[in-house]
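Two complexes are shown next, each including subunit A; its partner changes from subunit B in the first to subunit C in the second.
What follows is the complex of A and B.
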């Protein structure tokens, strides 16, 4: 499997040169397809100070199929589903947008960008997106509350 | 000759600089091939051979021959080498200039240019005052080659060659490029490994490089999954800028898909590539509104069209999309208006009506969808979506005589029994009349709740939903009311469209209605409409009957066998019949309304009890009709 080799290579790369604010480990030794990431929210974002656990599942067709991202830490964000999955499906993560040369490091960079600036027009949580657009104060308050509650 | 002949010395020096130099020391001559790879790709225009004099004529000819072969401009980065043969005469360098002869493979460089370059040797020799000139001259030639021999400075701005040379020159360009590419090393963005050029592939359109293994894996997978849109360059940024800048993202997107030739070049199996081409073509045919489909229901293949030629056996030569899509950018814009609307607005020319199915080769008329009737037959447009007579009939039948399951929409026809239905597909309990979901535990509440539109209508249509008078809207009051409405609207629209036809239909319909009406009159001795009106009254005004209506109701039905058309009426009648009606006392009577209600309740009670034991089928209300077949309409 060329995919597996590539995953090894990518994993080695992110170990020696981790994407900003990310700590990457394997969920369990010997399974290269389940990555655990702890991401520190960008300091200039409303999530600043929060540490978010993200599970990345690399499908067996990876890199031909996009990885699946789940926030394990609850997060109040229009682009992350507000359920136990905490799924995110944005831009390059979409199956029809995904291109094999994209790497997990690129994906994590995208995640950080989206944390810093939510994309309400591409939201999975319409309610949060509406609030983000129309009542930014309330949105930020809840988001910060949640960071304090779940992401410390 | 003396060993210290300057000519020997110079040739030796040149040999050291150009190891590929072939020298003939005996005749003081040497041959050298000089690569021609201009720094700016050289624009070459290939014109059909006879076009020198008047190109307009050949355009016309080319078009008439059906060949799309017109002038083509090609930018070539590599051209066949310039081969230089130099002979140093006695007295060189002091007294005689070197004799040079220049040629090119495929004679692509115009002889005028060659002679000019040859004469440069003498000019240089003179300029340098009769000294050793060979290296300077070779360098001069190389620099000229680098500049593309200034051919783009000519009046035409490019090199003009006959079309016959195109193939070889383009091939030379390609093989040279490939050789250079193969010698390189590239990092494949997919497997992240450095790979030799030989096992990589460079996208001809955008120049992105990936390794063959990854490309094959990806595209094979995409083709297997039917993901035609995924067959594009895999570089994440590829094609994005162009699409956004233009604001025509979609167009760009479809254009980005790869040509089958490229897939073949990557070493993807021909069968796979063919599947890709077929899927792509099918998609295009299906999205093109102007596509005409074969009217044979078992075929439904697309009609042959010049726009989508059949896929050739040689996929590499497939030209249906990519090659033409550059033109189609400009071409489809005006075309789109033409192709989308003409079906309705402009009549199709007589000669253009012939369509031939590419699958079953049926020749048919694209206007009336009948077998081809020749150019001179009159025919009337038929919507390809329109159903055949048989289909329409069965469709109408389904609409008129069935009720859809509210859960799975399976058409359900009641052949007999009550209106509590259980879907054979999904086991949903529902009301046949209004399509309401019923509680499987106690479905009859629906028919016993006062105020419900189906109150007391459990046994309507008991004999089955068939053969009722179409004028009777009651059976369809619920679930199918809107369908009837839609049918009506559609019918009206049809009538407006084809009045003549509609008239005939109306006439027939009228006859039918008349015939039926007569039947009913015979059957009931009163117009069915009246009968229905009575039943309505009966239901709504059970407690305040008007004497006149009551009188009419006391009619006798002279026909023991019930005409099917009266199913509803009878169902209602029967179910409202007093309990004791079956015991032989066949007297006309008019029970007090109170009594009647009680009896009704008792009857229903009995039925419900049976129903709970699941024996309601045994409740044969026919027995209540009595033997003499005479019964009373309340």
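What follows is the complex of A and C.
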């Protein structure tokens, strides 16, 4: 199986035509399975100005199994766990919804969409989701503070 | 209570104790003998299809039971009782026979049928063929449709007639596969979107949805779904966002035979899992499935013990080992209560919840509160366990959950102090029988030695010493029954019936202890005790039947006041 060829091609594609706001590099030279992404938050979102590091791990069964995404930059968002993992709950990355033709670039586009518009009904951080729904001002303040603190 | 009243109760008790009801005829006598032994399962031989007459009767009579138990049984609204309905339609003259059968049966016996894997396959094939004929669809497509409709034929056919296109689309069938039989091709200019390979002789495959991938990738995708994820009935096309379900014919074309075998095993598993009237025998390595007409909603009124071909007796309702006379809900509560100290139970209660629809135990190990049950696909909220669809944007309601549960927990704790003593009374007796049953098992192994010894010392033949084994087995079974009578009694509120129940329980207990005692006699005396032992064995069985019959009948008629709300 030439998962390798696929990964090479995907990597080449994102270099020549990167998804909006993303810079993608390899964690280690020669290891195609660990990608580092720096994502600039959409300028019209409350995270504007923030640069978020995301680590992407491609399992050895990739693309038959979905990639694993972790935010390395702390981020105040209802859909990203507020711990050292920084996991994001994305439907597309669930094993039963992932389809092999799906590309990392598509995943990153989706991540950026969720960044711009949080989905409190599918939250992993309930406290943040509640605040997002009921006290948008306070939510935005903390989110912006965190951007200043961690994501510059 | 006035003394006369009590005497009357005692009389009633002794009437029930009496072994032979006055209007007994021969058929009943036969049944009685059978009841003493575990009920004999009827196995379908493979040449006898689902549609034989015997089958009608058996299913019909178990339905009959259902009707008596709850008059509001509505098969039409049915979840998956599709084919039961059909038996009714097809067979108009059988009702009297079915009633007769039901009358002859003891109240604690349930009709059931054991199927071998081959029978299940035949049954499945038969249904596919029948519906395929009706819908004029090829068998592969029909199989997918039936799986999509969870084998509810009537509803499926209705939906198909209503809106054929929509149903086909929803089931992932899109187009007619008859016009385009699946085949592997080489297509000029093709590049696989998964592995990015291209090349002139790259073999590729696509279903009618047109999502074409190279055969290697297709194969790997299917292998992973079948082997790693145990998926079979609902494997979708690998194409992005495509919901088309792969059919058996395409699969056979793509994957090696060991995998297709596994695929068919998984399909069969979902067939049985999808149907309310079928269950796998839970015994390790047992391949049989059991069909029984008892429905989930009947389980407070009946304890459907079934006996598999492999000799394992289990409850069709909850698939635990036979727990007559105690109904499933009580067994569940009881076991949970008894296991409360154990670390495992603590862990399960701390880390898992049950799917509110199918009661599968679920551990949440990550992700958000939006849960989708892997087994029944029910979508619910982890916090409040309510339907996700009803949630919409009012997710906030869940925060109130904490408050209420805290309140409940405090309440439960206060109550449990008072009831602790009562609980221990029943628990000690329950545990004692459980322990004794284990000890009896040890005795059984010693018995085997005794049997050999007996053969050599007394000159008795192998067949003549079998009474020891019979006695030992009877002992085990009766202790099992006794054990559950104590769990049952724990949830039983006092009323006119409880005294009779306790009398019956005591009689069985005495019979069991008497028989148990005989096993302690020295081996050289055993030969001389054969007749007495046979008598005591028969008496034990008889007492057991009395207890089970009495409890089952009153359960069915709703004469017990069950304390279902006892905090556990």
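Just so we're on the same page, the second predicted complex is superposed on the first by the 151 of 152 C-alpha atoms of A that agree within 3 Å, B and C clash if a C-alpha of one lies under 4 Å from a C-alpha of the other, contacts with A are read in each partner's own complex, and residues count from 1 in each chain.
Just so it is clear, contacts are C-beta pairs under 8 Å (C-beta built on N, C-alpha and C of every residue); 3 or more make two chains touch, one makes a residue touch a chain.
Being a predicted model, the structure only gives us computed values, none of them experimental.
Contacts of A:152 after superposition on the shared chain: neither subunit B nor subunit C is touched. Legend: residue contacts after superposition of the two complexes on their common chain; A:126 is shown touching subunit C, with no touch to subunit B. Once the two complexes are laid over each other on the shared chain, residue contacts for A:96 go to subunit B and to subunit C alike. By the touch criterion defined above, A:137 lies against neither subunit B nor subunit C after alignment on the C-alpha atoms of chain A. When both complexes are overlaid on chain A, the residue A:61 reaches subunit B and subunit C alike.
Here subunit B and subunit C are compared by how many residues of subunit A each touches, and C touches more.
When the two structures are aligned on the shared chain, A:87 is found in touch with subunit C, with no touch to subunit B. In the superposition on chain A, subunit A positions 2, 5-6, 9, 61, 63-64, 96, 99-102 are in contact with subunit B in one complex as well as with subunit C in the other. Within the complex formed with subunit A, the residues of subunit B that make contact are 189-193, 210, 213-214, 217-218, 221, 229-230, 234-236.
The residues of subunit A lying in touch with subunit B in their complex are 2, 5-6, 9-10, 61, 63-64, 92, 96, 99-102, 106. Chain contact summary for the complex, subunit C toward subunit A: residues 193-197, 211, 213, 216-217, 220-221, 224, 229, 231, 236, 238-242, 366-370, 383, 391-393, 395-396, 398-399. Subunit A contributes residues 1-3, 5-6, 9, 61, 63-65, 79, 87, 89, 95-96, 99-102, 120-124, 126, 129-130, 133-134 to its touches with subunit C in the complex.
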